[in-house]
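Take a look at the structure set out below.
By letter and in written order, the chains are A, B, C, D, E and F; residue numbering begins at 1 in each of them.
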Amino acid sequence: MVKDEKLKLINEEGTRIDGRRPDELRPLKIEIGVLDKSDGSAYVELGKTKVFAAVFGPREVHPKHLALPDRAILNCRYHMASFSVDERKPLGMTRREIELSKVIREALESVVFLEEFPRTSIDVYIEVIQADGGTRTAGLTAASLALAEAGIPMADLVAAVAVGKIEGHLVLDLCDLEDKYGEADMPVAMAPRLNSIVLLQLNGRLAKEDFRRALEFAKKGITEIYQKQREALRKKYSGVSLMEV
Amino acid sequence: MSISQMKKSLTAKIVQEKIYNLLKQGKRLDGRSPTDMRPINIVTGLVEKADGSALASMGGTKILVGIKAEIGSPYSDRPREGSFTVNAELLPLASISFEPGPPDERGVELARVVDRSIRESKCIDLEKLCLVEGEKAYILFVDVYVLDYDGNYYDPSTIAVLAALATARIPKYEVLDGKVEKTGEYFNLQLQSLPFTTTFGIIKEKFLVDPQLEEESALDVSIIIGMDEKDNVISIQKNSPGLIPENMLEQMIDVASEKCKYTRQKFCEALNVKI
Amino acid sequence: MVKDEKLKLINEEGTRIDGRRPDELRPLKIEIGVLDKSDGSAYVELGKTKVFAAVFGPREVHPKHLALPDRAILNCRYHMASFSVDERKPLGMTRREIELSKVIREALESVVFLEEFPRTSIDVYIEVIQADGGTRTAGLTAASLALAEAGIPMADLVAAVAVGKIEGHLVLDLCDLEDKYGEADMPVAMAPRLNSIVLLQLNGRLAKEDFRRALEFAKKGITEIYQKQREALRKKYSGVSLMEV
Amino acid sequence: MSISQMKKSLTAKIVQEKIYNLLKQGKRLDGRSPTDMRPINIVTGLVEKADGSALASMGGTKILVGIKAEIGSPYSDRPREGSFTVNAELLPLASISFEPGPPDERGVELARVVDRSIRESKCIDLEKLCLVEGEKAYILFVDVYVLDYDGNYYDPSTIAVLAALATARIPKYEVLDGKVEKTGEYFNLQLQSLPFTTTFGIIKEKFLVDPQLEEESALDVSIIIGMDEKDNVISIQKNSPGLIPENMLEQMIDVASEKCKYTRQKFCEALNVKI
Amino acid sequence: MVKDEKLKLINEEGTRIDGRRPDELRPLKIEIGVLDKSDGSAYVELGKTKVFAAVFGPREVHPKHLALPDRAILNCRYHMASFSVDERKPLGMTRREIELSKVIREALESVVFLEEFPRTSIDVYIEVIQADGGTRTAGLTAASLALAEAGIPMADLVAAVAVGKIEGHLVLDLCDLEDKYGEADMPVAMAPRLNSIVLLQLNGRLAKEDFRRALEFAKKGITEIYQKQREALRKKYSGVSLMEV
Amino acid sequence: MSISQMKKSLTAKIVQEKIYNLLKQGKRLDGRSPTDMRPINIVTGLVEKADGSALASMGGTKILVGIKAEIGSPYSDRPREGSFTVNAELLPLASISFEPGPPDERGVELARVVDRSIRESKCIDLEKLCLVEGEKAYILFVDVYVLDYDGNYYDPSTIAVLAALATARIPKYEVLDGKVEKTGEYFNLQLQSLPFTTTFGIIKEKFLVDPQLEEESALDVSIIIGMDEKDNVISIQKNSPGLIPENMLEQMIDVASEKCKYTRQKFCEALNVKI
């Protein structure tokens, strides 16, 4: 995308187009148990990025010969609604969706105790209904909560956010415009309690020296999100739900 | 190839017996009367990137619809009209019985039944969607996603589609020196009709409307009837195996007329529209 | 389709473009046993609408895990030859063909005693070689005869026809032009002996008051077709065949 | 990926022995001599909506062919020619061994072998199918459906295609002010050649032509030879696993020449055409 | 393709565009064992035509119900790299590739002792990396060597070449230009020791009288190729390899 | 739908233990040190019909890349630029674990990771690939085939792509009277950057680079880091399940910087290019 020359993503005081500071998350809304027919589900809104996740399982594998004798299979589909993006996405899975389904699945496999459910499958579905940057990380944040609600044992929750660079400044939680016209976009997912990375990708140019600081930004965001995840779980289990359709 | 999926198990037969006994007393599992619908909820505009969007629920069944307008060529046999396309996906997160992948026959049927109601009621004025005769016209992509499935996705899908259409703000385009460009303004679709559907389930000689999931699996047969505000029948779809005694049909048409009116009223209240 | 303004589908005397009265069927030709390699087959011509149907089964299900323990699976494919319509139909199944395969299958499931053949499949193939309106109903009429020839037990034969409205008049058995430019098209299939509907669809606008009369029209057509089906079966089993290729 | 399907069972071996013993006496299961073909029947014009159509049978094998003409662009390396495309489907109603779905390797092979005969014999004058050089030309879609399969769908497919082509009435188009429109007139294709094929089956050192289904499953190997009216070989396809002794080929070419002449004669009689 | 009028494929002395005599093969290069991870592999270069083949098996069949009780299944995929031809070939299998996979497989089935490996599959993969005429025959020549290296027992090696007619002359081993603008192209594969044809196709017009001579030409080429195949196998098993990547 | 394939068997655990014990002594199965790469070999130009081609190997892993240029339309939001597309296929002849058919998630991931390095490093000057602003531009199709797979196809794929790009000779086109035609001349792409990747494998608290196949199956987790000649990180992809201790990352970035430099040097030597 050719950036309009007048477009300033961040001003001299470090204020971003939507008024945020460089290390500030967009407003985050988390709901658990929003879809009745799945075993666990969650809805995450991060600014205008809106994502549902639902989990089925552990359940029998069909056909049976695909089952693994010593552990569960984890399946994952990350999918975007056709109208979630500026230009209508055609039906069917794009190559991007196929790749993201893989890295998200691998992030979840890093924390789920799969060996507790041999010969079964655990199916994770992520539906992006609006994409304004950070959909894979919001999807992962939601999926991890859906797994928790489904009672699937995990070593830790996964919390995720993107960090990036725009006009020379490191920033946390890029929106779509910042992603498109910025210099770098680095989605990070962690199992915070384990101090471990479960998803890491980078798109763009980041000077070697910036890498450490970018990771610090990400950790700050992840800590906040993790906090809110735990709060939402607590609230859920104390019986209060917010979402009304 | 369409493959039969009817598997009425022993459990289903016990459930059927139970529901039938209730029906004979004018009752249902969830306390409704046979011709009561579940509560209808409509939220519009939650997907700002869509040109129109709505999330409608009927009881536990939730439907998300988004509309995107694009500019394309009119069909050669309708040079003065724009067009629309309905797609439907039964998302795997909505039900253990939905699989990921391209729409199966149920998804295709849903899309085509919804399309039929919209098309035959002429609720969208397609002539207003023409930009340059025979050359440029708006194409509306109406995408229906079943998000949570507790029986009867037909009736709430039509509601969600109409809500998204009724509240859509379509970007205006103009043609300047052969180039199509956005003007920055928007227009509304101004629907010309509000066609709703009513889904019926039959057990023996009794019928009910808006079956929820447990009822659905116990039905002998089901049928969807769509009607507009002038009491025209505008779509019918028998959508399951089974026999419908011919003499039940007229009565169901009468109930459909009443239920579609009811739905229309709820719809107009929710969207604050006059009929 | 924009109708040419001069096109009159029906005149003041109630005569249609092909000279028929409102409640008159097109010429109907039925042949049974036209395809040797299937277990049962039939050919139906209704005016210019020409349809083959063939049945295989009951036979073993492959792969086996798809079989049902208590009944047969009924499969059905309704398919149109690419040259059967005015504009060449591209190869592959259209969404219309997928939908019609489903409703035709469900109509047949309504009368076939599937529970008599557990763990097997019965496969019904309908090939439309020319489409001039009423292909699903002609296909169903043919499929029901093919099932009969294959010796599959049924509660009744299925007979089917479309009824509709053109220029304000109810008419029986619409041809393509009447379907395209008319106000409503309602395909109906019945198990006549059971007084039951097995397929019902409607496309178009039909005033509530017209519905009953439309159904009467359909029943009249269905009765005639049912008669001819039974005649054809009788003729078949008395050893006379007409078709020569 | 092409997957081997050869499964010669014990039963097949017994049938083979029986057929071989008959062949040694110059006989076959259905009373034919080794080089007799089954009766050929041709009906044309039964699909009025097609621009050309034919139903041809050779014994119990029935093939339906339809032709549709459309207007498109000529290939950039052949700006002065129209084009044609052959597709073939082994319809599941024709045989227990055909599956619904997109053409498998057998359907693809059939289409390509038929295409090759038509193309290499130059029987269609492609230059007559050009409307505007480099811009507009006729494209003929030739669609072959196997309706009933009792062995050897190759030879009757070519017959049906030629019958549909020979009797086709193609709508004439003209270009007026850059727009392509039908004139209301029609033209014939006036075939320049009549290429037919002969299918051979080999068992040990014996061969036969036009195998019916029971014979087909008992063959060691089979091969199709196409020839035009000038005794040119215009297509060959060995279409099964197995060894063909090199010294049998020349003799088969001679028989093919004779059989294709015979088929051509039957074809011309049926269509009332002079050769 | 419309041939440029000035293009002469063969001159009066019988010399072809690349300087060859009518019955002369292009330079042939054969390497065995070029791909380590398969059970057998070979690389064949015939002029500018360059082909890899590799074999896996005999191995277990998945899913198991596809296995045959009395013999191995032979699978074969003939595939061209997108950049192997003048106009980029789109991804996915073309109808031509599907047909050639079939006839190549059938040629190999003619010589492999499949009944020695019941319930297994033998998988043959041919990758054309440059196509300059004769790719199916070069592929078959390579596949037969890969099978030999994999230790699969065969009644004979398969050697293959195309023969054709250009400007009235019979010629051996057509290059792409000769194939495109010539009158006939006849790929032939033989099991030379068995004096038998295992693949035979013809595209074009060949007078009946020419057929015998064309076959003689093919046999001459096949004999040369067969010689080189055996040499390559000998060299391989005496431990000398030439290819260096 | 992406399906988990991680199946660490008992054997794998024994191999892991063995590799881990070696790593603790700074050793590996094949004698390399943990940060040694396998030998790199590059052959260019072996596919003359491609506009650029290269066969690169890293130890036993062999990658074939070909480039074809076509003329198409620029993207509407980048009217002054040409474009490129990377596809990758894990050919079934390369490994018993690759299946024929359309690219699975591994093939898609490989293509996208290679694409990312090329795109983000801006090594191709896309503005030079524009012919007529907003109308005609070169499109480069970069097709990657894994021919032989002995672990780590990422690093040699990037090498092969850069070698094919660096040695490509693209046919020049010109626009004459609205028609696009070849001039008969060629041009080089003149790469503006040489971004390479380094693949890391982690076992417990140890890591190694460029895992071969046996190592790969024993890793806890792996990650690919791409860097350009200015020490910018230009792509990262964690491409397997598993935990990466956050404090290992910085050290890996340092090693990646060094290894990418090493690869760049080998690349320039092989192609006789100055950095």
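Definition applied: a residue touches a chain if its C-beta (ideal position, glycine included) is under 8 Å from a C-beta of that chain, and two chains touch if they have at least 3 such contacts.
Since the structure is predicted, the reported quantities are computational estimates derived from the model, not experimental observations.
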| item | value |
| --- | --- |
| Magnitude of the superposing rotation for chain A and chain E (Cα, nearest 5°) | 120 |
| Of all other chains, the one whose Cα centre sits farthest from chain A | D |
| Maximum centroid distance from chain C, chain identifier (CA atoms) | F |
| Whole-Å gap between the CA centroids of chain A and chain C | 51 |
| Whole-Å gap between the CA centroids of chain A and chain B | 31 |
| Gap in Å, rounded to a whole number, between the CA centres of chain D and chain B | 48 |
| Numbers and ranges of chain C residues touching at least 2 other chains | 63, 77 |
| Multi-chain contact sites of chain B, meaning residues that touch two or more partners | 1, 100 |
| Contact footprint of chain F on chain A as seen in their complex | 1-2, 68, 70-71, 73-78, 95-96, 98-99, 101-107, 109-111, 114, 186, 190-191, 194-208, 211-212, 215, 219 |
| Partner chain C, residues of chain B touching it in the complex | 1-4, 6-7, 77-78, 80, 105, 108-109, 111-112, 116, 120-121, 221, 223, 227-228, 230-247, 249-250, 253-254, 257 |
| Chain E partner contacts - residues on chain F that touch it in the complex | 41, 43, 46-51, 53, 55, 57, 60, 62, 64, 66-68, 70, 87, 89, 91-96, 100, 102, 141, 143, 145, 147-150, 213 |
| Touch list for chain C against partner chain D, complex | 35-38, 41, 48, 50, 52-54, 56, 59, 77, 79, 81-86, 88, 91-92, 123, 125, 127, 129-132, 244-245 |
